[in-house]
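Here subunit A shows up in two complexes: once beside subunit B, once beside subunit C.
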Partner chain A sequence: MDMNVIANDNVRIIRLSGRFDAFETPATNKWFETNVSATESRIVVDLSGVNFLDSAALASLVKGMKRCREHGGDLVLCNFQQSVRIIFELTGLNKAFKITDNEEAALKAF
Partner chain B sequence: MRLAIVSTYPPSRGSLNEYAYYFVEHLRRKLEIDEVILLTDDLPDGASYPQAPDRVRILPSWRFGAMNNALRIRQTVEQIKPDAVLFNMQFATFGDKRIPGALGLTAPMLIKQMEIPVIVLLHNIMETIDLSKAGFGGNPLMEHITRLAGDLFTRMLLSADMVAVTIPKYVELLEAKYKARNVMLAPHGAFEDAPPPSIDLHPEVLRIMTFGKFGTYKRVEVLIDAFQLLRDHLPDTSMELVIAGTDSPNATGYLEQVRTRYAAMPNIVYTGYVAESDVARIFSEATIVVFPYNSTTGSSGVLHQTGNYARPAVLPNLGDFAELIQEEGYTGEFFAPENAVSLAAAIRRYWENPDKRRQDAMQNYLSSVGIPISEVVDWYLLHLEPLLQARVEQPAKEKPQWT
Partner chain C sequence: MSRTSQDLMELMARWNREFVALAQAWMQLGAQGFAIIVSSAPDAPVFAYPADLKAERWALEIPFPLQHFKGLRLCIQQIDPDKRDAVMRLIEACVPVFTTGIDREFELDTMTKEVVHYQDLVVALYELNSALSRPLSLTEMLDVLLEHVCRLTGAMGGVALLETSQVIFQTLHVDVQMEQITPCFQILKGTKSKLNSIRTDGTSLLCLPLVMPEHHPNIGGMIGLISSAPLGSPQIKLAKAILQQAGTQVQNILHFEERVYQARMQTELDLARAVQIRLLPAGTITLAGLDISGESRAAYEVGGDFFDYFTASDVPFMFALGDVSGKGLSAALVMTMARTAIRSAATSGTSPLTIMQMVSNNLYDDLTDLDKLTTVVIGKADAEQRCITFANAGHAPVVYAAPDAPATLLEADAPPLGVMPNYDGENHTIELSPDGILIIATDGFVEAENAAGEMFGYTRFLETIDFIKMLSAEQIRKTLYDTVSEFRGVTSPQTDDQTIIVIKRVSRAETV
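Presenting the complex of A and B:
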């Protein structure tokens, strides 16, 4: 999985692509632990390039969201492929996250 | 948040007690939680639960097999006024007879009528239970009636705000058959934040271990027959069969019958009840963990433990298991259910291929740590948030009236 992070004012945008599974989550977990703080707690995760994610990946995103919220911010998801959307609906996590169609809408969601 | 959980809990030996233990152990440490109130089953012979851990209160509120469990649970909930109630249950949680078992299943609906948010974590669903093997068999007419009743009680369970299941197929089935829109998939979760595994699979002795509550769909006769075949085929191999666990509540006396029937066979160890503190040792000493199931009633906590302790698994080729394994990344050697020759061959394949044993044990370990139960608990808290918020936002006249 590829992971690119860009800054947009006070929001970090993480663009992920490829297969997001248990073998990739140590990197995302570490990123959230290292980078989310009181001053950096607004995160957009763009999943447009992710074609598969498993429960470990969902757990990593949940962990990231909780950390952002604990620091007064939030984690917004955007650009779901159909297979990813189905997983979120199946787990009911589509109701727990803010999810938008694209990055522009995600940036406005804070 | 003050969360009530209706469940068995150690030292109760009822099904799902271990799951509840780990779930509560992680839940009570969460910032969102002020108190966990466990509505447990009465212990036998008037025994008391030991001191509860911090932020946990234990209130025995029902008894396996009693007719009035739903009413007792409702009364307890009225007294303690929790913010929400979570049921950790399966279809036979409240009894091994049809009527008490079914009456207990009305409890979530009764709590929901009190306008308290209710989540049901349902470890099996009626549609996938082989009634005769699960201890609810009888003649075909009775099975048909039991199925109809099962449909009715499933609908009652679905009146909860949310029903969580651990297998994707269950979500699809409940949505298709009952038009349910409140069912979600929740990972089972690994019981422990597992330590780095020891992949020492004891090459000096073939120790075959099976773990669980036996006598209904988990039966050991075929495993013992397979063990005898292995002894015949591998006369120079030191081997032991460890049957770890107790009777299922629906099959009292089963293991004693087995022990009597196979009394002449050496090298079989019956551990009886395995205390929490002994679980790690039992798994770690096993060369191979075998699942002698002839049907399944849901996902398998034992499979997750097998992964936690980095053991290779010999698994029946059953639909639910195959699906669970595929979706959660586990692996194993497969055998045809209820076929001793096939089971013996599967065990032998592993025994004669140490590299594959280690490789599969590591895969099971990696799969089990994919999502520990401490993180699964977060999912439930996330799902509870909007339910609690909706309750706060209700107009005052619609709020529950406590009497």
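Presenting the complex of A and C:
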């Protein structure tokens, strides 16, 4: 999986691509632990390049989301492929996250 | 007295009887005294006859040429002039005999000492080898190594430093702090070099690394040898050879300790697995109107999946199934916590939703602290065992299959526990048609992969259920395991826990 982080005003956009599973979550968990703070708590995760995520990946995104909310911000997800959308719907996680169709909408969701 | 002078005195003492005989012969020829002197110290003869002979003017003084001791002279006092020629002839005959004999004896003596020295080295090396062959701890091994390297090289003392998961520092006969040695260690780590320095007290410090056969950035060691004068090349060569062997020994000990640790961990995991298996209910049960079969297979020794039945005779059948995020021991510990919370809440006999809310409240803080989630399905049959009411916290797949309709996935209406502080799902009731089945499995089934990296997936899972839904609950359970296992293939091991409950409404009620 590739991970690219882009700073956009006071929002960080993380673009992920490839397979997001337990082998990749140590990196994303570490990123959330290191970078999310009171001043950096607004994050958009663009999953347009992710075709699969497992329960460890879901747990990692939840970790990031909870950490952002603890610091007064939020983690917004966008650009789901169909397979990813199904996983979020089956697990009820679409009710826990703010999810938008694209990055532009995600930036307006805070 | 220098060693050379001492050697000379010892040598002369051993030839004392011969010199006395020679002196007496000269005395018979009229001499008054006989001595062997060193020209640099003429007043202190190395041999004198008579013993209290005073050094005065010598009548005759000639060189007494020894190969290994320079400046010796043979002196004779007061010779009868008539016998001078006879004395000279005697001297000319005797001196070469004596000097050659003394030289050869000294060489033999030196060689004997060297043989004894090397014999001692061989014995010391043997002792070192024997000591290192015993099952030693790293600390004991360093002690033995330091003692023997000092002994073999003639160093007055030394230090040993070994860095693995811990740091061991040993000293022998010297007062040196670890901080003084650490800079040398950092320079030598991972090299085969040596480091010489002169200490403030004038002694020499030679630092040599332990040479490990397998390079590892976090493992290294060294020995520092302290001596009054810099050690010579043979001693350094010997110490290097010993340290190379010791490096191998250190790695052997580390491998041994690792194997012991792993064996102990394996025993603990086996015990944990036994405990976890004991926590699972009986695989297949048949109640009035319901045929139920469940199983959990962990990918590793212990897993994060769980399932449970509640089958008290006076209350309707209840069940729970869950999947803690992650795998292995950490997931297993959270799984035990979740199971206990569910069991405790289930005794209240209330609806699955109420139980789920209680469990969610109980677990949320702990799950947040541990960065864990857990999906849970809690279900309860009605009094007639026709309907199942369930609450679903983020779990998939949950499948309902009626005999006359394709199997369908039932979506969770709330995220897993640990995501939101409050559970906001609902109770859902499904009426089981005769021979209808409710299957709750964990993602270890649908996310199983074959060697080509292809997932079993939800579609295959539903198709398989449709194909086998006429079977008993136990047969359906076994067939699903077998089908997924066959898809994965023998070369792809199970990488995620797999847990399943199959509940089938039987047309003909049986009671057990």
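By definition in this document, the second predicted complex is superposed on the first by the 110 of 110 C-alpha atoms of A that agree within 3 Å, B and C clash if a C-alpha of one lies under 4 Å from a C-alpha of the other, contacts with A are read in each partner's own complex, and residues count from 1 in each chain.
Here is the rule we use: a residue touches a chain if its C-beta (ideal position, glycine included) is under 8 Å from a C-beta of that chain, and two chains touch if they have at least 3 such contacts.
What you are looking at is a predicted structure, and each value in this text was computed from that prediction instead of being measured.
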### Query
After the match on subunit A, would you call subunit B and subunit C a fit or a clash?
clash
### Message
Output check: A:7 vs subunit B and subunit C. Expected answer is one of first, second, both, neither. What do you get?
### Response
neither
### Task
Please indicate which partner A:59 is in contact with in the superposed arrangement: first for subunit B, second for subunit C, both, or neither.
both
### Query
After superposition on the shared chain, which partner residues are touched by A:29: those of subunit B (first), subunit C (second), both, or neither?
second
### Query
Just subunit B (first), just subunit C (second), both, or neither: which does A:38 touch?
neither
### Message
Output check: A:95 vs subunit B and subunit C. Expected answer is one of first, second, both, neither. What do you get?
### Response
both
### Task
For subunit B, sort through 168-176, 222-230, 258-266 or 348-356 and name the stretch that clashes with subunit C after the overlay.
168-176
### Contact residues of subunit A, present in both the subunit B and the subunit C interface
22, 54-56, 58-59, 62-63, 66, 90-93, 95-96
### For the subunit A and subunit C complex, residues of the former touching the latter
22, 29, 52, 54-56, 58-59, 62-63, 65-66, 86-87, 89-93, 95-96
### Query
Which of the residues in subunit A come into contact with subunit B in the complex?
22-23, 25, 54-56, 58-59, 62-63, 66, 90-93, 95-96
### Query
Within the complex, which stretch of subunit B touches subunit A?
162, 168, 171, 184-187, 328-329, 366-367, 369-371, 375-376, 378-379, 382-383, 385-386
### Query
Across the complex, what residues on subunit C touch subunit A?
323, 325-327, 368, 371-373, 375, 392-397, 409, 411-416, 418-420, 424-425, 443, 447, 455, 458
